[in-house]
Amino acid sequence: MNNRIEEKFKELKMMNKKALITFITAGDPDLETSYQLVLEMFEQGADLVEIGIPFSDPVAEGPTIEKASMRALASGTTTDSIFELVTKLRTKTEKPLLLMLYINLVYKYGAEEFITKCQTTGVDGLIIPDLPYEEIQEVKAYAEAKNIYLINLIAPTTNEERLAKIVEGSKGFIYCVSSLGVTGVRSEITTDLENFYARIRKNTNLPLALGFGLSTKEQLKSIKGNWEAFIVGSKIVEVVAAYGKDSVEEVGKLVKNLKELE
Amino acid sequence: MKSKFGEYGGQYVPETLMEALIEIEQAYLKYKDDSDFISELKELYEEVANRPSRLYFAKRMTEELGGGKIYLKREDLNHTGSHKINNVLGQMLLAKKMGKTKIICETGAGQHGVATATIAAMFKMDCHVFMGKEDVERQGLNVFRMELLGAKVTAVDSGTGTLKDAVNEALRQWTRECDTTYYLMGSVVGPHPFPTIVRDFQKVIGEEVRWQLQEKEGKTPDVIIACVGGGSNGIGIFYDFIENKEVELIGAEAAGQGVDTNYHAATITKGSNGIFHGMKSKFLQDSYGKIMPVYSMSAGLDYPGIGPEHAYLAESGRAKYLPVTDAEAVEAFEYLSKTEGIIPAIESAHAIFLAMKIAPELDNDKVIVVNLSGRGDKDVYQVARYMGVDINEQ
Amino acid sequence: MKSKFGEYGGQYVPETLMEALIEIEQAYLKYKDDSDFISELKELYEEVANRPSRLYFAKRMTEELGGGKIYLKREDLNHTGSHKINNVLGQMLLAKKMGKTKIICETGAGQHGVATATIAAMFKMDCHVFMGKEDVERQGLNVFRMELLGAKVTAVDSGTGTLKDAVNEALRQWTRECDTTYYLMGSVVGPHPFPTIVRDFQKVIGEEVRWQLQEKEGKTPDVIIACVGGGSNGIGIFYDFIENKEVELIGAEAAGQGVDTNYHAATITKGSNGIFHGMKSKFLQDSYGKIMPVYSMSAGLDYPGIGPEHAYLAESGRAKYLPVTDAEAVEAFEYLSKTEGIIPAIESAHAIFLAMKIAPELDNDKVIVVNLSGRGDKDVYQVARYMGVDINEQ
Amino acid sequence: MNNRIEEKFKELKMMNKKALITFITAGDPDLETSYQLVLEMFEQGADLVEIGIPFSDPVAEGPTIEKASMRALASGTTTDSIFELVTKLRTKTEKPLLLMLYINLVYKYGAEEFITKCQTTGVDGLIIPDLPYEEIQEVKAYAEAKNIYLINLIAPTTNEERLAKIVEGSKGFIYCVSSLGVTGVRSEITTDLENFYARIRKNTNLPLALGFGLSTKEQLKSIKGNWEAFIVGSKIVEVVAAYGKDSVEEVGKLVKNLKELE
């Protein structure tokens, strides 16, 4: 049983390329637009796409994604409607799709049922920002059983001991948080990223994806460390916020531009 | 340290915060049995909080209601006017020992914010308080008290603009500066180790009740009642008696306009298991796990969750949680004011109401202890408005 | 009983009231040494007022100011938030023994009214409070507290609409119903025997200071400071030390916008001998004896006279009375809030200001005790306005 | 040295008549009107006139006289200007004039100086509502020296022991307060006046004047007890309040009507 995430990174590695991972909040402004956005992002060069499930209280999110969540909830988006979106996307694309969501949405749905749904609809991985290593047993066994990758996060504050433990059981890639704080575009990243990369690399051979605060091609170019992937979220969500249903083309341009990086 | 109470509790937070939580846990483990820490805290309890707080026999209430004897644990007489200061003193001392120089916290009614701002002033710590915009409006007095004390108060207008959103925003802020800042959690909620630490710093309430009632009545209480928002005053008075199985423990939840309406905050009565604000516990949420907007006229109880230890006590049947509506709380608020000359916090009035119901059903030799968690000065305008009284609002 | 202190005091009241005063004096003579009365009062002090009030070492203030050690006598931690309750408990008990069923009183800041309404509720007495219209406006919170406690509050709009007019109106009302009603005077003012009775019920403050400071420092205070409106908290803390001639006694008078303006209430500094509100004392008055309108941002000090015993202490040189302006009081109000995390009543802030001035001039082994007569929750709106802060006034 | 008050009561006694004592606040609305009012009241049958000196805080007064005091103070009335008024009146009348005032006005003026002024201007007596028997030494010696009568008050609440003491040193008449409470027109007097009269009469032969709350001829007629005098204050002040500078005629009518009593 292969996982599309792993496949994708293998492929990119062979081509000696970095991955571009992009993010949108599903249902912002509506699910039809989200559908178009995902396909367009892939079209313009996104290698993996993270689909955010809106939550009432997204504590790891800055104002941009928080507001996107509120718009998505207001448009009636539910977990089930997002599984339908994934099903629909899978009729068009075989690229890796991840869900980004808060643990309560999994827990309340029933972790086992949720994971089963991921498998049947075609989700490849989950990013659960409020599920640290210590609580991973909430989903781990179910995810492993169905070969859904649980993407673990590492922050600049993560110490060596925990870092080793976290990467040990990881699959797909490691989500490396560039800075303290919540999601959102940053004008400057103060973390010593070269050292951050090296620290993690010492412990694992998995691809390392850098996220939080990334927004422009120039910024990505200037980043130190041999990161295998960059994750761009809030910047895209800002464009969706600005253009709403008409954002597909603009988001496409942005992704294309980011992708030119390599 | 155990991070869970049965299945409840845990540490469901962004990875960025894990180190900060571990640091707090380790510091707490180091100091909690340290004799210097213990004696400094004891002195702070006495000299600053004004402990022990009095155990007051509500003679007139007892006579009028008939039945069990009612005692009030007078946390309202603490410096700053509520039980919140106990916990703040403990955590502030811990933060200081950890070398922190800045404190952030959330607040609902403003009592925790005021207590934190007060002790931050004493400890010369920077203090940043997050408070829901709606609460800023209904508790303006407390907002200015905090500002006077030198704290920065941020009105949070995301979400429902109440306590839960204040917690969200404080957590976000903490994620930004967790390397230098101590998050001083105001109730027995949030990720481990907060529910345990806060409980440990509040359990002095119940410990005092034990010896005070022993002195006055030569016995342990038969019933203990407390209001529960997050649950800190509740666990504070319950904890010492959990092993005394014969002592009935009752929490009063905010039923707002009624548990059958959409306007309440009765977490145990109407909630279900979930994971939020870093903890597994009981929450008011929809079938997908979206946290529901809650309502109570009492800002301090207007929270969609409850501390994990309470969820555990409820689940195991050791404690019982009953809903009390706004109208009932206002009735108790007025009743206690007129009967004993004590204006209770509207939060505490929820507990008083249950005592009014329960006392007449008990024999004369039974003793009910109600935790009077705070004083009601902060609430008089709001109650006046609720009662439709036209008062001069300055 | 002696009706005068030197030349001050006496009973300058309408004939109609004389009988009532005599009745009170006789009752007081009967009960003051009665062991039941004494033990009942002691229990009320403890159980209701929350006495003894703490003697708090203001460590940070002492360190920052340098010089003498500053202790605060924490009357703000009493139930209802000020020293007023001591006197109310004593007189209410007396009124009850006398078989009275109705209480009237005046109030300035509202603290005495709240204390009286509170204890009237407990004693199941009717309670009617007279409060100047202007004070009703600046102390709206206290007005509603009194109403909640079941008292009737009458806003007095005659004269200047402040404390003196509230006393006028209360006296008028008492003249109407002095056969059934007890006038519960709120300070050491008015006709004999009030100045003596109120002082006796407040002197517990100084008595506690004596043993508390003995415990903490092994000595008597070097300087004692209190704010003086009518002078009850002042005499309360001074009295036990009057015979200790080495103890310096200092009263802080309200200088409003300055003693050289027309807007102050600095009775001793600027007043002259006169007869008013039933007593011979010092008053702010014109050359014909017309009582002058006075001003202080502090409603509790906004009174043109002072208790006769203070006039006597001033005249004899035993105590000294210094003026403190609004601006200085606000400075002290903020200073204490930020430094010790204690928000004082704006009245008490006048005394704090003097401590701030005096402490640096004293040696390190000297001790200043400041009477922190009340808490400042009631004042935060007004201080905010004074400071030009735009706060949400609910 | 005779005192006009004593003379007046002797005269009335011989004629078997009751005295009518009327009151105004000096300076309400101005001193010129007060001058006219006093003369007109005498003209229409008042036997004695009480002139009230306005005070900032008249605690024995109900709203009617309190407001009159405020108007008088606002018009600039002072103690000295009232002594001038008396001087002026004494060029026109030799009827008894009393000053009604609060003790602070005497005390602050200097009791001795004040009494001397009374004598030189022609004041016959003083009514000081807040100077009970217990404090009478503030003025007594000076008043006696100058033969100014200090009119003592007796209230329904005054007990036998004090009553005896009070009347003992009294001169002129006794001011008997009809009811508990402050000055002001009353629709009903609930004190047992017959008994009140008898109680006082047992102790003294001085004329007894009843005051507080009296207003109409009908009321005066119905009053029990052989009172030697009635004092009418607030009722007159009400008329002054209503007519201001034009009140002289109206007050005259009122006094005339009251005087018809006998």
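When the chains are written out, they are named A, B, C and D in that same order, and each has its own residue count from 1.
One rule holds for everything that comes next: a residue touches a chain if its C-beta (ideal position, glycine included) is under 8 Å from a C-beta of that chain, and two chains touch if they have at least 3 such contacts.
Note that the structure is a prediction, hence the values are computed from the model and not measured.
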> Cα centroid separation between subunit A and subunit D, in whole Å?
Replying inline: 96
>> Averaging over Cα atoms per chain, report the distance between subunit B and subunit C in Å.
In response: 34
> What whole-Å value do you get for the distance between subunit B and subunit D if each is reduced to the mean of its CA atoms?
Replying inline: 66
>> Two-or-more-chain contact residues of subunit A, please, as numbers and ranges.
In response: none
>> Counting only residues that touch at least two other chains, what does the list for subunit B look like?
In response: none
> Connecting every touching chain pair, does the picture come out as line, ring, star, complete or other?
Replying inline: line
> Which chain pairs here would you call touching?
Replying inline: A-B, B-C, C-D
> subunit C touches which residues of subunit B in the complex?
Replying inline: 47-48, 50, 54, 56-57, 60, 74, 77, 79-81, 117-122, 124, 136-138, 140-141, 143-145, 147-150, 333-334, 337-343, 377-378, 380-384, 389, 391-394
> Given the complex with subunit C, which residues does subunit D contribute to the contact?
Replying inline: 55-63, 66, 73, 78-80, 102-109, 129-135, 138, 152-159, 162, 166, 177, 180-182
> Which of the residues in subunit B come into contact with subunit A in the complex?
Replying inline: 3, 10-20, 22, 158-159, 164-165, 168, 171-172, 175-179, 272-278, 280, 283, 285, 287-291
